[in-house]
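First chain A sits with chain B, and in the next complex the same chain sits with chain C.
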Partner chain A sequence: MSGRVLAALAGQPNSGKSTIFNMLTGARQFVANYPGVTVEKKVGYFSQDAAKVELVDLPGTYSLTSYSMEERVARDFILDDNPSVVLNVVDASNLRRNLYLTMQLMEMDIPLVVDLNMIDVARKKGYEIDDAALSKLLGVSVVVTDGKRGKGREELRELLARSSDEPGRASPFHLDYGPLEPAIGRLQRRLSLDESLKDRCPRRWLAIKLLEGDENALALAKNHASHWGELADNLERERQEYERQFTLPPAQHIAFKRHEVSDNIARQVLRVKHPGMRSVTDRVDAVLCNRFAGPIIMCAVFYSLFELAVNQGGRLAAMVTPYLGQAQAFLENLLPAPGYMHEPMITSLSSWFMTSVSALLVYIPQFFILFALVAILEDVGYMPRMAFMLDRIFKRFGLHGNSTLPLILGGIYVGGCAVPGVMACRAVPDERARLATILTVPLMNCLAKTAFYIMLVGAFFPDHQAGAMFFISTITLIMALPIARVLTMTVLKGRETAPFIMEMPTYHLPTVRIVLTRAFERIWIYIKKVLTIVAAVAVVIWALLQFPGVSDTQKADFEQRGAAAFTKFEKAIAGMPLGKAINNEGDLMALFAFREDYRAEKAAASGNRQASKGVDAKFEATNPVFFDAVKHRHSKAYKAFDRLRKARAHIWRERQQARINSSLLGRAGKFLEPVSKYAGFDWRVNVAMLSSFAARESATATFKALYGIGNDGRYVGAAMRNSAGGIPITPLNATALMLFMALFPPCLATIIMVRVATRRTMWMLFGFAYPSVLGIAVAIMVYSGGGALGLSGWQAMWVYYGLALLFAIFMGALPVQKPTQRTKPTLTKGAYIQ
Partner chain B sequence: MNKKITLDFLPPGTCGKILALTATGDLGQRLMDLGFYPGVEFRVIRNAPLRDPFEMEMMGYCISLRRQEAGFVEVEPL
Partner chain C sequence: MKKAAIFLGMAMLVLGLAAGAMAHSPICTCYDNGDGTISCEGGFSDGSSAAGVNMYVKQGDKTLLKGAMNADSEFTFKKPQGEYKVTFDAGEGHQVVINGKDIVE
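After this line comes the complex of A and B, so read on.
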């Protein structure tokens, strides 16, 4: 009993597989992807009796065909990676259907252990299962577990650890396919003659798969068979012959037979003690899926997600923000301090970097609440109900019932993040709908966009705040749905669609562990992907804003103005104690530093009179002269220093603007102005929008600075319009800007996720290009069109809303094309129905 | 050929028995994998608020499917 064991965990969806995986491996889990596909591969480890077991969690599948990516992945892992044992988790309360997968696993000639899980649920349903009989019938070990309560853990661990000692002991169980057996036998003999094919995979399994017409098995045979042409002829003959004789395609016969045998076994081992009781799930669903109550409850669920995550989470975030600020201030202190006129590049870069990163870290509390709540909905089993209720609507727009989760994560109302949203798209089985969902999730309102809206709404629609927020929160879905439909009718036309057949699992109480694990997983994706990418891009954007920098003459001009202000200050304080204390730039910077420290400690002590007085006393004792200049508003020293500080800040700000003006990004902003001016965006808006590509939150900050939106949230831009001469912002302008932001290309992290999720650079580029074009077109329409009609921003908002709604209704009313079917569409339906 | 009844015609509350599947390929396989095979008895539970998809119960568990797909399942009402 030693060495390493590779074990795989297989089972149908909702069989409690992840609970068993967690139970066996504990915290030692890692997430990766299977090579070449986006299916998540979970690997966990545990040690038992000197054996180190590596447990791979295969995707939950109902079957092992090659129709879905998950099934192919599970199957290929078993065939190619040769696990020493496969642990088949079976839902005891759903034995008959679960055995259907077990039948297929056994055909693959691998050592199998059956885990009869969720025995508690089965017992509650009144089922009594004879596990010893099941073990005897199947010829494999059967372990009874209750994953939720950790029952059966030791037994399972021991069995898995021991499996390496008895290598290759597959079950002697043999599913009898009846009338198809002669054909299987003949094909099997043929395969055994083929030198290059016979040891590649179990021959009986391959023979059955070939008769089924399984695409991947056919490809495997085609690639490796020494005489493929002959084999293919042979196979085709066998299939036709069978279908002619029994009027049933072999694929159907095979599946039916598996069901028949599963049913037979289930009948022998299962006894129902008290049947006929209406389940709790059924009674709950009678309300939750009710024609009238269902949609109302669903809206309430959406609203509480928003209320708890965005509003309450926002309060939590506000509590965290000061600490982040303190951490940043502490780190900035470690950097070389800026001089009177000189700003060290490393300091400027680091501050920019830290500000960008902390702008994203602030969202963690909100995301954690959102992800945990969504995980609860998933774990309880409410998600499929949402899909059930929304499928009809989504289908009309080319989406799928399962698009619900990605759209919620992306921010279907307000407050989400497109990164986990795009990630969650893999649960959409239909390729066309999946791509359409991936491309529209970035149009939802992520938290960063929300902050931007709140700023604009506060500044430009102070009298209609609630209405304007409602407008922008709902308009995104109203725009996204018809866009999805247009996409499916154009670029996604001809993509494979999948049927909507979905299990409605029984409700159960959420497990704390699963909920937390899922929430942490999504948070971790966010932190990893967003922060690494955003951090890298922040540096690039900084460089683009910094270089090539101001010209030498301008630089000299700023230097000179700085020197003049300093001279003026020196004159003002000459003869005062402060004059004696400040003789050079170093002394002056010491005064600046003194002021910073004083203000920081005062802020920390705010609200506490006693502590506040203590701070005053401490600083006065350290340096009474400096204290006079930073504390006593009426002293001459204070006034002189105040003038100097303001002059310096003014010069710095102008230098900064001059730098942005001549920077590469600034030039790009000006380059776009001829087009963007029709949307009401001057070059500064363009710069803010371009820089927000890295992370949306920077748009809010850049904007406040460029347009002079004060801390009270009021627009003071008109008074502040400076020499740079831009288009003044009006409410109409703000409406155009909000709509542009709603459609604006996904941020870089999302773009990269789109690449990961679609595995095509083309989709990534498309996902960037179409919202850009659409965004600017909509903004031009609102700004120029609204302007021509003399509409105010508030009026333009609702005119646009009406138009978008009409367009959505129109697109939804277009007839939906019939689903396409993969592989030879030998449908016989239309012949006698309709 | 006499007219056969398909699953999409059954209103909520009715029980039935599956006779045959007329879909092949992806859809046919999906239906078979989820337990649709001749002889299985089922009960239509409810329609979605917008009437489509609908939910049904068979072999002790519930699944939902669109009417379009249900049109490929021939049934006999019980």
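After this line comes the complex of A and C, so read on.
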């Protein structure tokens, strides 16, 4: 027992494969992608006796045709990577259907171990399975496990570790295809003559696959056969001859035979103790999938998810924030400190990077709750039922029943958050619908957008506040659904779709261990991804905002204003104790640092009179002169320092704005003006929009100034815009801006999540570009079109609403495309299809 | 189809009620300056500035004062007599309410 073992884990969905994977490998797991596809490859390691086992978790598949990407990935791994053993996880409570995959694995001539899992569920159903008989029939080792409770772990680990000693022993089991056998035999002989095909894959397997008309097998033969033309003729003749003789295509005969044999085996080893008893699952389904109670219960489930993950999670996030802030402050302390006017580049880049990371890490409490709740729903078996009930509406728009949760979290009405929304898209099983969901979740109304709408509605539609809020809250979904449909018909065309095969697994109680393992595992993956992807994206955005920087004259101007403020401060404190304490920039920065520490400790002691007084006493003892300048509002020292502090903050803000305006991003804003002016946006609005995306820092304040909204929330006139002779601000302008904002991606974090979820930078860029272009087009339509028709902002809203609604109905009424057809899969009982 | 439509309608209703969601939590801390004034500093959990956010000082149902965070994300007001509450209002349902009793020197 020594050396390395490469083992693969295969099984049908819901067979408890992930549970077995976690049970065997524990925490030593890594996630990567299979080359060239978006299918996750999970690898885990464990050591048993002297052997080190590398266990690869293949995607869960019902079959091994080349019908879906998952099936091809699983099959190619077995063929190309030559694992020394394949562990086939079988759901003991669904033995017959699960054996269908086992039949196909055995055909691949690989050493196989069958894991009869979920034995607890089977026993509850009253099933008794003779595992010894099963082992004898199949000619492979059979291990009985209860993955949830960790039963059978040692036995499995030993068996896998031992497989390195007995390499290449496949089962002698031979599925008899009856009347097709002569054809298989002839083809097999023909294949064995071909030198270049000989060692690529098992000959009998290839012969069967070729008769099935499997696309990938045909491609394999075509690429490697020395006389493909001759082989193809042979094959075609055999297939036609069989079909003529038995009036059945070989592919169907093969599938029937596999079912027949699976059924036979299951019959021989399975004994049902109480036949005819109505299962718990059926009774629960009678309530949960009831015509009337079903939707109500589903609403309640969605509501609880939303409330717990977004609301309560948000509260938890607020509690975590100060600690993240402290950690960041601690790390920033290690960097060169910013001077009075000068900020070292390394400090600015590092703190930008840390801010970006912590903006995403702050979601961890929410994600943890979300992942745990989703794991519970998955574990219980409710998720597929939910999707099943909603799929009929969503499929009309190219989405999937499972798209509901992401859209709700993103803010289907108002006040969601796109980041957990995009993250939740992993539950959408069909690649095309998953991408369509990922790309439309950012169009929902997240909190940041909601706050922005409230500001504009309050200022420009004071008489129609409720109506305008209703407009913007519902228009997003009305736009998102047809957009999803258009995306699936254009850029996502040709992406793989799976037919809606949804297995309704038996209900079982969730186990704490599994729920927590799954939640922690997903959080850990999230953290790793955030750190790597943020590093790249944050640096790029920082550079876009930073370079080429302000001109030398402007720079000198800011320097001079800073120096003037400092001189004024020095004059004011001359002769005072503070004046003696501050002789240079270093002393001044010490005072700034003193104030910051003081504020931080005061905030921590907030609400507790005793502790708060204690903080005062401590700081007063440390430096009474500084304390006077940061505490006593009426002291001369305080006033002088306050003026300096505010003047400095003001200059820094202005300099930051000037830097953004002259940066690459700022130039982009100016470059876009010739187009955006038709939407009512001048270059400053463009810049504010672009930089609000990159750094939401004071976005509301910037827009308030740009749109002439006073502190009481009312429109006070275009104070800032008049001076530039810009575009007049009207409610029509505000309608265009709101619609643009509704389509524009909410923040950098969302876009990074798109990259995380799709694993492709291309989708991240597309996820930013298409809503921006669409947003500007819609804004132009509303502003220029509405203006030409003489509509007010309020009227334009409803004209647009009507048009969008008509478009949505039109797109929903288009015929739904059939899923991509390859070899037609045979459906199994117990799986529902739509 | 009909069932799903009914469901969607209901979901909208329920979620409308749940509009009080927050993902980037608002943060607001107030201090008693000890000279008859109160200062509040605000921000958001993702580091965004709170400049321009509306602030209210209320006594019971009566609004004593209405204003907004300045460019430095600060808001200072005269301490009212008796009990009062400070509201940091970052939008419908997304507010931080601080009880005057908890604002200490």
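Convention: the second predicted complex is superposed on the first by the 421 of 834 C-alpha atoms of A that agree within 3 Å, B and C clash if a C-alpha of one lies under 4 Å from a C-alpha of the other, contacts with A are read in each partner's own complex, and residues count from 1 in each chain.
Convention: contacts are C-beta pairs under 8 Å (C-beta built on N, C-alpha and C of every residue); 3 or more make two chains touch, one makes a residue touch a chain.
Computed from a predicted structure; not experimentally measured.
Colleague: Now for A:M811: first (chain B), second (chain C), both, or neither, which partner does it touch?
Modeller: neither
Colleague: Would you check which partner chain A:M103 touches, where first means chain B only, second means chain C only, and both and neither mean what they say?
Modeller: A:M103: touches no partner chain.
Colleague: Looking at the overlay, does A:L487 come into contact with chain B only (first), chain C only (second), both, or neither?
Modeller: neither
Colleague: In the three-chain superposition, say which chain, chain B or chain C, touches more residues of chain A.
Modeller: Of the two chains, more chain A residues are contacted by C.
Colleague: Please work out whether A:I412 is in contact with chain B alone, chain C alone, both, or neither, and reply first, second, both or neither.
Modeller: A:I412: touches chain C, not chain B.
Colleague: Taking the superposition as given, does A:A217 touch the first partner, chain B, the second, chain C, both, or neither?
Modeller: neither
Colleague: Which partner does A:R653 contact after superposing on A: first (chain B), second (chain C), both, neither?
Modeller: The second partner, chain C, only.
Colleague: Touching A:P249, do we find chain B (first), chain C (second), both, or neither?
Modeller: A:P249 contacts chain B only, not chain C.
Colleague: According to the stated criteria, A:S612 is in contact with first (chain B), second (chain C), both, or neither; which is it?
Modeller: In the superposition, A:S612 contacts chain C only.
Colleague: Is A:C446 touching anything from chain B or chain C once the two structures are fitted on A? First, second, both or neither.
Modeller: Second partner only, chain C.
Colleague: For chain A, give the residues common to its interface with chain B and its interface with chain C.
Modeller: 291, 294-295, 389, 392-393
Colleague: Any idea which chain A residues touch chain B in the complex?
Modeller: 62-63, 65, 67, 93-94, 96-97, 100, 125, 249, 251-252, 255-256, 259-260, 281-282, 285-286, 289-292, 294-295, 384, 388-389, 391-393, 395, 401, 498-504, 506, 818-819, 821-829, 832-833
Colleague: What does chain C use to touch chain A in their complex?
Modeller: Touch residues, chain C against chain A: 1, 3-8, 10-12, 14-16, 18-25, 27, 29-31, 33-35, 37, 41, 45-49, 51-54, 66-68, 71-72, 90-94, 102, 104-105.
Colleague: Which residues of chain B touch chain A in the complex?
Modeller: Against chain A, the touching part of chain B is residues 1, 3-4, 6, 21-35, 37-38, 40, 45-53, 55, 59-66, 68-69, 71-72.
Colleague: For the complex, which residues does chain A have touching chain C?
Modeller: Checking each residue of chain A against chain C gives 291, 294-296, 298-299, 302-303, 306-307, 310-311, 314-315, 317-318, 321, 355, 358-359, 362-363, 366, 389-390, 392-393, 408, 411-417, 419-420, 446-448, 450-451, 454-455, 469, 473-474, 599, 602-603, 606-609, 612-613, 616, 631-634, 646, 649-650, 653, 696-701, 704, 711-713, 749.
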